[in-house]
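Structures for review follow.
Both complexes below contain subunit A, partnered by subunit B and then by subunit C.
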Partner chain A sequence: MVFNPIQIVPELYQLLLILALFFQSLGDGSETPPAERWLPFFAGFGIFVAIVSWGAEGLLFGGAYKLDALSQFMKLAISAGFYVTVLNASRQPSLEERKRPDYFMFLALSAWGLMILSSAVELITIYLALEISSYSLYAVIPLRNTGGKGDPRAAEAGIKYILFGAVATAMALYGFSYILASQHTSYISQLAQCNWTWDGAPMAVVGLSLFLGGMFYKLALFPFHFWCPDVYQGASNETAGFVATLPKLGAVVVLVRLATLLKPGLEITTLLAVLGALSMTYGNLCALAQKDLKRLLGFSSVAHAGYIMVGLVSGTAMGLSAAVFYALAYLVMNLLCFWVISRVASDGRNLQLDDLNGLYKRAPALAFALGVGAFALVGLPPTIGFMGKFFLITSAWDHGYNWLVITLVVNSAIAIYYYLGLVRHAYTHEAGADVPTPDNSAFSVAGASILAAVVLVLGLLPSRVFDFAILAGKQLLP
Partner chain B sequence: MENMAKIVFGFYTLIILGGSLVAVGAKSLVRAMVGLIATLLGVAGMYMLLNAQFMALMQILIYVGAVCVLIFFAIMLTRADAGGEEAASAPLRQNLLALTAVLSVGGILGWLVLTRPLATTGVPVEVSIEKLGLGLLGPYGLAFELISVVLLVSMAGAVLLAWERRNGK
Partner chain C sequence: MVFSWLHLAIILFLIGGLLFAGGPLILSYLVAPRARGGDMGMPYECGMRPYGGSWTRFGINYYVYALLFLAFDVDVLYLFPVATVYRATEGWLPFLEMFIFLFVLALAIIYFWAKGVFTWPRKVS
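Take a look at the complex of A and B:
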């Protein structure tokens, strides 16, 4: 087969950005424009670059790298997410001047790893791509500077993320060895023809469960969720905005690819459903008690990881499409919420719920955007969150996991309380004494409005994007 | 011959387990490192038993020869003493919980391996270096290249974080 570089141009472009940042980080930065100035423009251009290879299809690198609708959809979502997070991080108050090129290099590397991940169809390649993405985050999380020195909370978050991540990785690799031992291949296309019942191949079932455990860790699914609120809280707002959004896309892509191995009624499928149900319930109940905004969003990610499982267990193309679409919805909603948080906490502090009091007077645009984000996370129309949940529910109903769908609906009701609590604080409470001054510049308002517009427009007119997600699902499960 | 193999397997297992216990339990970091080296040598022995001489050699060359020496240098340069805060032993409850966790997971996996063994060859098949190389450049070529990026990320990350500590007086 002829290798055509145009097909992988998004990855090559991202690699180019990484190289530029790498060379910039080697110098002392006096002769080059600051990374936070030039990078947003180039990252924004990357979205258009991702469109170039939009319809690419093929199997590269000896069958380990597959370009299909799913991978190209995810690459576009990753470039868009990377653009927003870089733009968000470009005004980071808690980041030292001379560490900026390195910081952005690691963000770019992490996004690059996720791009590779979205095309990888071989287990070891998947594992390595995921490691590239997480190693970069290990380095970035401790970078938070408050009051002239490193923030101990961020160092703690970094250590926690590394150590738990190492355990999850070891578990995934150990599981991989079981899969290899009993199925003798690591290519997903061949694994799909294998027997995955407990009676037929118990070792492979245990192995796949352990391997999935490593992915659950990235997705923060119960019981692998414990790092999530701590890391969000410890890392700076902008870094948390990256950690909370893009790596989840990578985990979803792997889970969607692996879900093609599973049929409803298999032991692993039931395990996924049970973990999903536990995850949404636990995440939502814990979020009820949170005062710190990032912890609250951390537990909300745990709950959302559970929602995504609903799409994976049905074993239909429609279910996989719904999971992919919901991952996109999750990305956009969280980017919006973290954008508002980063702009409201203009001094880089950790926002408490009370810090939002009276936001409608201090920053009406940000308060409105936060309201849109909260409504989307609840899943109220006309937002993308509603459409995402609607697709999940309709795809999963009548495929043997109706109890999971009912759990999802009940949980959405629980979640209303704390998401709308954000709106309540922003609109009905009056500001106290020590509230941060929000950033009301045109940059901040424009970003919030565009993200809010995306949340609303994709909620009103989701069909184009959803059609593409359906195409991705149908290619995986014809 | 088969009994011989079982005896050797038991011997290597004891080395691995003993070494890891020393590595986890020793008060002094240098002793812990010696335990780690014993474990790694035991793993190399397991590779020999699997008829994978090349892997065994690489295990000794890379892990014992390079990584452990590197960690020794790090220990000497940072002068971590045995009386540090992290040297205090964990409370009993924590130890018990950790033991329960290990035993439950290990128990399930052990039960699985013992009761549902996989069909396997009686004698280990030797995989030549040539085959390994072809595999790394053929079906696993992309993974092989990605490993180098993983190394780049970890090294650059280590430099970034260690630099911070030195300047953050």
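Take a look at the complex of A and C:
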């Protein structure tokens, strides 16, 4: 076995960070610099480390671990997302001092699991990587401290996430047993040559549907979305910013790899399309009635999970590329929105829509960034959200799922109301009495401007990034 | 679509699964003896009459140890298959893989230790 450590240097670097945080969490923290001070620098360096192994290719660890354009693209996105979430969480008001190294260790561990997930091409490896990333999040979500004691809402969110997660995991493993029993392999490259029609291999179809259920849970697709708004609402703003963004990337990467098994017209493909349509409709309709900002974004991510399905059902390299690109767009847009939320709620409270009133006066930069984020989530030009939807729609049209594309467009129209409601509250309403004081420091403004700039620049000049996504798609479906 | 024996098998398995989960509940509802009074209120039955009723408070200090024991017990289960095939392996790779596995377990013990799980908590008076 030829094994070159340079190829997996992003994973090794992340592991090093985890070990450092682990040893720091053992002490009482009096001799070491606080984790929230040093970690952002090293996490930022991790982005460059991910670039070093950008072109790595190969099949490692007995064929279970594949380095290709998709995995390296995702690893770069994950390390960038990890950097932003760490930076965001470094000024978390609702986190106890002595729990910080542990908190960041679990965040790093979760990101590490997702990095492994983006390279895994064997079902058991996928399952293990997914569990590494989920278990860490189970520990992080209840860590919210309001008024000197643990927040009961956060504990409730943690319990819900664990219980739903356990059920989804059990389902996925049960489905895996069916796949293994009928197709006699767990490697995706071999599964791709198998028969996936209901007539030919009904057991495998049932198994794959159940296994996909586990991924749908992470992505918060329609029948598995119950945890999503509750967990976002219960967890602290910064934790929700992590849970809402990075695990979705991991789920998308697995779905993209598994979508290479599917052709348009198969029963599972139709199932994906129907769930996607239900998910976007349900998510958008529920979001219309929300008053809590994080609940609103929770239902919005249910809807966005549905949008991603549009790229997966077409069965072409272009469709997979569009799904990958949309996942990146989703990551950037949500990081921006959660950055603004965390900075506006500088005391760590849950923001209501009315708390945004008059934001344009109190924090003009944050209000503008929120506007950019909302426009991107709707999918209006010139933002990355528009380009993502544009690629999704063009890739899926004329592959037998035109009704799904029409559903997507109709849903985008519904979604305008509540996304632009954010802008309406921030710009046209005057502030009431009890509004939080937004953080207007250079740190907060710089972060918001950079993220907003990324959303706009990738919306105006998406071709470079999209070329990488196309390369990833073509490697999967030549 | 043709309804084949395989579909029947899947349906039978589904029914079997439901019965497996629901059967004991129904069965215990049907056959469980219903008794009241007498020694039913005792905390445990051992031939000697224990002090107090079953509503006394118990120390729950042991539950962490029970959880830890369970976790490591299951981990050790994975070592048995390795031990049986270890003689037939060649080179350092199996050793390295085993070492990584045990190293992570060791780190977990150190973590519990540092977080004070092994210190006996003082009784709340």
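Just so we're on the same page, the second predicted complex is superposed on the first by the 477 of 478 C-alpha atoms of A that agree within 3 Å, B and C clash if a C-alpha of one lies under 4 Å from a C-alpha of the other, contacts with A are read in each partner's own complex, and residues count from 1 in each chain.
Just so we're on the same page, contacts are C-beta pairs under 8 Å (C-beta built on N, C-alpha and C of every residue); 3 or more make two chains touch, one makes a residue touch a chain.
Fair warning: this is a prediction, and the values are worked out from it, not measured in the lab.
Participant: What does the overlay on subunit A give for subunit B and subunit C, a clash or a fit?
Facilitator: Pair status: clash.
Participant: In the superposed arrangement, does A:Ser79 touch subunit B (first), subunit C (second), both or neither?
Facilitator: neither
Participant: For A:Thr125, select first, second, both or neither according to whether it touches subunit B, subunit C, the two together, or no partner.
Facilitator: A:Thr125 sits against subunit B, while subunit C stays out of touch.
Participant: Based on the superposed arrangement, let me know which partner A:Val206 touches: subunit B (first), subunit C (second), both, or neither?
Facilitator: After superposing on A, A:Val206 lies in contact with both subunit B and subunit C.
Participant: Give one of first, second, both or neither to describe whether A:Leu26 is in contact with subunit B, with subunit C, with both, or with none.
Facilitator: second
Participant: Per the overlay, which chain contacts more subunit A residues, subunit B or subunit C?
Facilitator: B
Participant: Figure out whether A:Ala139 sits in contact with subunit B (first) or subunit C (second), or with both, or with neither.
Facilitator: After superposing on A, A:Ala139 lies in contact with subunit B but is clear of subunit C.
Participant: Between subunit B (first) and subunit C (second), which does A:Thr239 come into contact with in this model arrangement: first, second, both, or neither?
Facilitator: It touches nothing on subunit B or subunit C.
Participant: Which subunit A residues come up in both lists, the one for subunit B and the one for subunit C?
Facilitator: 22, 202-203, 206
Participant: Which positions of subunit C touch subunit A when the two form their complex?
Facilitator: 1-2, 6-7, 10, 107, 110-111, 114
Participant: Quick one: which bits of subunit B touch subunit A in the complex? Just the residue numbers, please.
Facilitator: 108-109, 112-113, 116, 118, 138-143, 146-147, 149-150, 153-154, 156-158, 160-161, 164, 168
Participant: Name, in rising order, each residue of subunit A that touches subunit B in their complex.
Facilitator: That would be residues 22, 60-65, 99, 102, 105-106, 109, 113, 116, 120, 122, 124-125, 128-129, 131-132, 135-136, 138-139, 142-143, 149-150, 181-182, 202-203, 206 of subunit A.
Participant: Note which residues of subunit A are touching subunit C in the complex, please.
Facilitator: Listed in rising order, the residues are 22, 25-27, 198-199, 202-203, 206.
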